[in-house]
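Across the two complexes that follow, chain A remains constant while its partner is chain B and subsequently chain C.
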Partner chain A sequence: MDATYLDIARGLSAEIVLVLAALFALALDLGWLRREGGRERTRAVGVLTIVGLILAAIPVCQMLGNGSQRLLGGTLVVDDLTLLFKLLLIILTALTALISLEYDVGRHVGEYFATMLFGAVGMMLLVATEELITIFVALELTSLCLYILTAFHKSWLRSQEAALKYFMFGAISSAFLLFGLSLVFGVTGTTNIRELMTGSLTPLLGVGLLMILIGFGFKVAVVPFHLWAPDAYEGAPTPVAAYIATGSKVASFFVLTKVLLLGFAGGAGSALWGKFASGWAMLLAVVAVLSMVLGNCAAIVQRNVKRLLAYSSIAHAGYIFIGLIAAGLTGATSVMFYIIVYALTNLGAFGVVAALSARAGGEELTHFNGMAKRAPLLSLLMLIFVLSLAGVPPLGGFFGKFYLFAAAVGQDARHFGLLWLVVVGILMSAVSLYYYLIVLKHMYVEAAADDSRIETPTYLNAALGLVALAVILLGVFPQPTLTLLNSLLSRVL
Partner chain B sequence: MNITLGHYLALSTILFAVGLAGALTRRNAIIVLMAIEIMFNAAILNLVAFWHFKVFATLTAQMFAIFAVTIAAAESAVGLALVIAIYRHYRSVDVDEMKALKG
Partner chain C sequence: MHTDWTIYSSLIGAGLVLLLPREAKNLIRWVALLTGLVGLTVALRDYFHYDAIVTGLVAETGSGFVHLRDVPWITALHSRYHLAVDGISLPLVVLNGFVCVTGILFSWNIESRTKEFFAFFLVLIAGVYGVFMAMDLFLLFVFYELAIIPKYFIIAIWGSTRKEYGAMKLVLYSFVGSALVFIAILAAFFAAGGQTFDMLELAKHPLAREIQVWIFPLAFAGFAVLAGMWPFHTWAPTGHVAAPTAASMLLAGVVMKLGAYGCLRASMMLFPAGLEHWKWWIAVLAIVGIIYGAAVALVQKDFKFIIGYSSVSHMGFVLLGLVTLNVIGVSGAVLQMFSHGIVASLLFAVVGRMVYDRTHTRQLDELGGLRKAIPFACVTFVIGGAASMGMPGFSGFVAEIQVLIGAFAMSPWLALGAALSIPITVAYILNANNKVFMEKDDHGGHHDHAEDGHGHELPPISLPEKAAAVILMALLVILGIYPSIMMNMIKPNVELFLRGLH
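Right after this comes the complex of A and B.
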């Protein structure tokens, strides 16, 4: 069926709304609000951004349940799975904008929020496509916006340095990705990921796949391609760090899952113990082990909360890779569930850090001493987020990890072929508990030098509270979400 | 000598390696940017070669190449902006001098 322009416009309606909102935000800031103070401008433009995101969510919700459409040979896929993830990305962006309202983003308020919205458009296109050129363009749109956002503390040396490092690693990874894509296209003659692997993994196709994996490895920050992440997280304004750690990760993991499980399912090889066969599964297994071990061990010595969260997110990327190796429907479901839980939890944790650090004087662990007395509510929320990241039942993080490991054990259940990965994962989860508890120790046990209360705006408390509630509900009632993801994925895979 | 697709692929691989070596070893941020451009252009050369030798009867490779050129341009624009921003702080574009972030 040929797509009409109307079909395409309908499929892209959320993205169109977001682009209009971004342009309007720029015009509002550069026009009417030029003479206002920084705080008022941040509030006005931020609220406009959130309104734009809510307006973009409406067509997405309307399209839910209308069956699936593959426009222009898979360039634009409109089905419930992609719509669900678009909705998640809209929520994550709206929360990032909400955290930014109280954050000092400097003089260029309009540009800040507009760039954030353009980034959201890139991420939403990324989850909505099954075509290599569009994947590349959307990934670059997202990355370029994130480089710019990282540099937004213009007077702050660390922000500039972080942005340049992030950019250089990111640009090299994009070059790898493009080279890989060009080889894959040259061998297969198609840019549709469903038609990529018809035969076996020829050497040239293997090189292409390897380079694509290197490119994605940078984007999702796994060892040995992780070097930019701690610097970028520490230097970036905290809401931007939250955005890098959640939104871009969600989109990148989603599309990586599609590329590997739809495009290169035949090239997986085997990572089963004793039956190793060359393919991407073995490569991912090595990277997963390195990420879990290095990410968790390096996090122990960190004294800066954002750096600590950066290393923890490297470790989490390692866990997610275990689900990718498990592959199949259960593997994909566990990966998607974990991405959702991980994104919400991490956004909540960064939100608390952003809300407290400006008033506490910094982001070192010692700045959070005695927070339980100074800001009881946010400390409680941080407790929930940190324990969920550590994987303590009954929070979402525990069940996310449980399903990842269960999917891996269920693969080749007779011989427990993937058990070695699961053992590493569980051991490293135990290590991670140590540094997560250090964060809580500073907040709950250590005495503060300054005992004054920290007041945070009610809307921020309410929004972070809702995120915490979602994390708890995903842990207590994981079944509805899992069943939904399972049925949606079974139609795609 | 007959120039075949294989020659072009070999050339693009060499270009990519040269670019990667430059990006990893050079200390001047602007030269690193140039090296990254070389890596992009190696990939674009691949695409154009696939089109020229009519490996497939579609125009997809051309389209891909044009998108890639555009994105490489956007990438270098952002990169140069970041280099200028950091030059204002350090009065230098030497990447080895950037040591504010460590760990």
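Right after this comes the complex of A and C.
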């Protein structure tokens, strides 16, 4: 249990690198680049950010495979699973920074990238901790950075409104979360999630758990706590929307999985058909059904691509909840696999939107008319991302969904207890195909008002191409990733 | 055998087409055609090799399957990349090869976005090949869905009449159907212990009867949506009408067969008790589809809708044959899949490519006298029509008579019901033939020359069209007068298949 400062510093080396990179980015922008034009500054600071992220990835990679360490009673956990997700977060942040390079983020370039890096630090801490207070602090760090980033379209009222809405909802959810945590601490006397549940779910502990779930429900945007998401996605600069939809979701889902499956494993109750028993599984089931139905149905009528993706991500959170309800090793593996695929796919989709919307004149669906002709490569990539979100084989999204649903059905295979949730999920995926195809219809079928070609920088095409390749490979050869996740999770659970 | 190379070659062809510059339209067409020919050659070669290989196999293992590839794929789900063919799937693989090649020939005149068209087309072809060979339920599902999405783009981009509506309707119907199949697959997998997706393994240990009774309708209805079973058929006429010629050919020719094949291979083989429980319902729905499709075709004003509804009617024969559960009925159903695939392709080619692309109308009232303008189209339609109405000497007769005999053995009433459609079919084919190709009495002589009603000269039938039509017509005649070339393969396999159900 004795951890020296050196151990802690080593465990946090990636985060330390990122903080330094953020400070350096601020200094570079405020100090040397003041007189440069916006574009040059964005590029310089953005490249510095990406370099910082690559440097942060090095210690993470070095620590991989060195066994697991739990410092300060689980406040800082260094094992392969958390390192893997830290790496994923670094990649997601780097891609976000990459698609920001060509994006107009306004005058405060240094602040933009520094805030993004601080947000990344928050997310990385979030996946690396098993202690409730630290979870709360890390979640707040992440959220605060995201509120600020959402407001970065300074002159656009919509962006300000979105940020304020996001902030208000976020603040209330934090209050719920903190209240829940305090109740849990009051009942159990511990803040370590591995020691939370020794007995059964007492009423007071149940209230605490409910509050915690409400708090997380806001963060991952599930119905009925989703109202901020469409506005925030639409109002935020597109790279930031990508970041909210991917990085913060990955971290939140990761820690939620740990809290529920490690901390409250005994309080699940049952969501099996006909054998309902109170506990978080039943709550999650209700929320999952609402999210899948409302998210998918509301997405149908959207005319703005970012709003559409926002509703689609609400629906996807619903699917992920099915995996959480399935619980157990298979359930956890399916959730982790789905989060990885979902994050990569969504980031790719937002990346394409960010690259095209500035030159197409906006983010309405009609602005994407005829993109297949104007930007064939990016349109092809968008086709892959959108179809993966829709769950069409042989893409990652399909396999992820299949595995989630298989985990749920396998949970009580004898009586098909969770089949009812899976049926809702599958039928709702069929609904979702409609609006995903509408997006593709605008890109491939509709004729463009303006036929000029849209040139995008090669590095961006290449990066998004790699993401698309990863999405395809995760669908065609999912086994290596599954094996890895399965073995890592089996050591934790 | 290397039948699985049909899948890979189609995918490679699609990739090659994507890499070519979009201006090189002729090159793209030739690459696509070559790809199709490679697939067809492989399929035909294996078709004629099958007998030699399989005689020993059947004696040894009691099964007609030739295993092509069987490697672990996703071990977490115990899913294997398992491809195999038997005498039921090989004819369908060959059918897909023929429809692919002739479809490309009939699409030779596509000028807009040629590259994308052939890329989508070849991906669709690859998916169809895959379904016919997959022996693993999960793999089958992957290929099945792979074949759905390209259809949307092909119809929505290159189609006609209400194309976006038709495309979306078709894809959503297919996707909802596959959602039902998805549920059935998951349920079957876990009910069987969650150890394998392999259909041959699963079939060896049938599930408990009460489980089969509720899984079977899901799996059957899911696949039957794509087979155009009444009342889930409504996507078919609108989809066929909206689709460009090659896509109508593919849709009616092979995609509807995917559904019927799925019913046979997945639903019937895995849930025999469920089939026993539900077969009368299905037989009645099939009869309704047969009569309904034919009757609605009779009153259509649009030439393409006639063929669209006739497909619903003819696919009813397939479903009816399948549920008879006797050798002659099921063999007839399999042959009908092949035969209707060719007939429908041919008729859609006449309507969509030969007539519509020249006259730009499909309304029966506006057409007329094309016999003189494009005699080749007329001859083709008469031959295709004759096969469609079940004229002896053509493949349709051999197939439908067997289905009727099989149905008679199940219940004479079923055979009577199905046979009622035959005079209706004769009526709508002759009616269409009269209105489109013969001169109209009231203003006869309008089309004495090779021109349409507005005095524009109609372009003559091109060489690719002729070549493709001749291939398809030859197949109809060969099968009509020498059916054993296919029946010798189908029948023993159907016997094995039915023996496995008990």
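Following the convention adopted for this analysis, the second predicted complex is superposed on the first by the 492 of 493 C-alpha atoms of A that agree within 3 Å, B and C clash if a C-alpha of one lies under 4 Å from a C-alpha of the other, contacts with A are read in each partner's own complex, and residues count from 1 in each chain.
One rule holds in what follows: a residue touches a chain if its C-beta (ideal position, glycine included) is under 8 Å from a C-beta of that chain, and two chains touch if they have at least 3 such contacts.
The shown structure was predicted, so the numbers you read here are calculated from the model rather than taken from an experiment.
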Partner chain in contact with A:Pro478 - chain B first, chain C second, else both or neither: second
Which superposed partner A:Lys441 touches (first chain B, second chain C, both, neither): second
Partner chain in contact with A:Phe152 - chain B first, chain C second, else both or neither: neither
Which superposed partner A:Phe398 touches (first chain B, second chain C, both, neither): second
Partner chain in contact with A:Tyr338 - chain B first, chain C second, else both or neither: neither
Footprint of chain A on chain C - complex, ascending: 73-77, 116, 138, 141-142, 145-146, 148-149, 152-153, 156-157, 164, 168, 171-172, 175-176, 179, 182-183, 186-187, 189-191, 194
Contact set on chain A toward chain B in their complex: 132-133, 136-137, 140, 144, 147-148, 151, 154, 157-158, 160-165, 167-168, 171-172, 174-176, 178-179, 181-183, 185-186, 189-191, 230-231, 234-235, 301-302, 304, 307
Chain B - residues contacting chain A, complex: 9, 12, 16, 19-20, 23, 29, 32-33, 36, 39-40, 42-44, 46-47, 50, 55-56, 58, 60-61, 63-64, 67-68, 71, 74-75, 78-79, 81-83, 85-86, 89-90, 95, 98, 100-101, 103
Partner chain C, residues of chain A touching it in the complex: 333, 372, 387, 392-394, 398-399, 402-403, 405-406, 409-410, 413, 416, 419, 422-423, 426-427, 429-430, 433-434, 437, 440-441, 444-445, 478-479, 482-483, 486
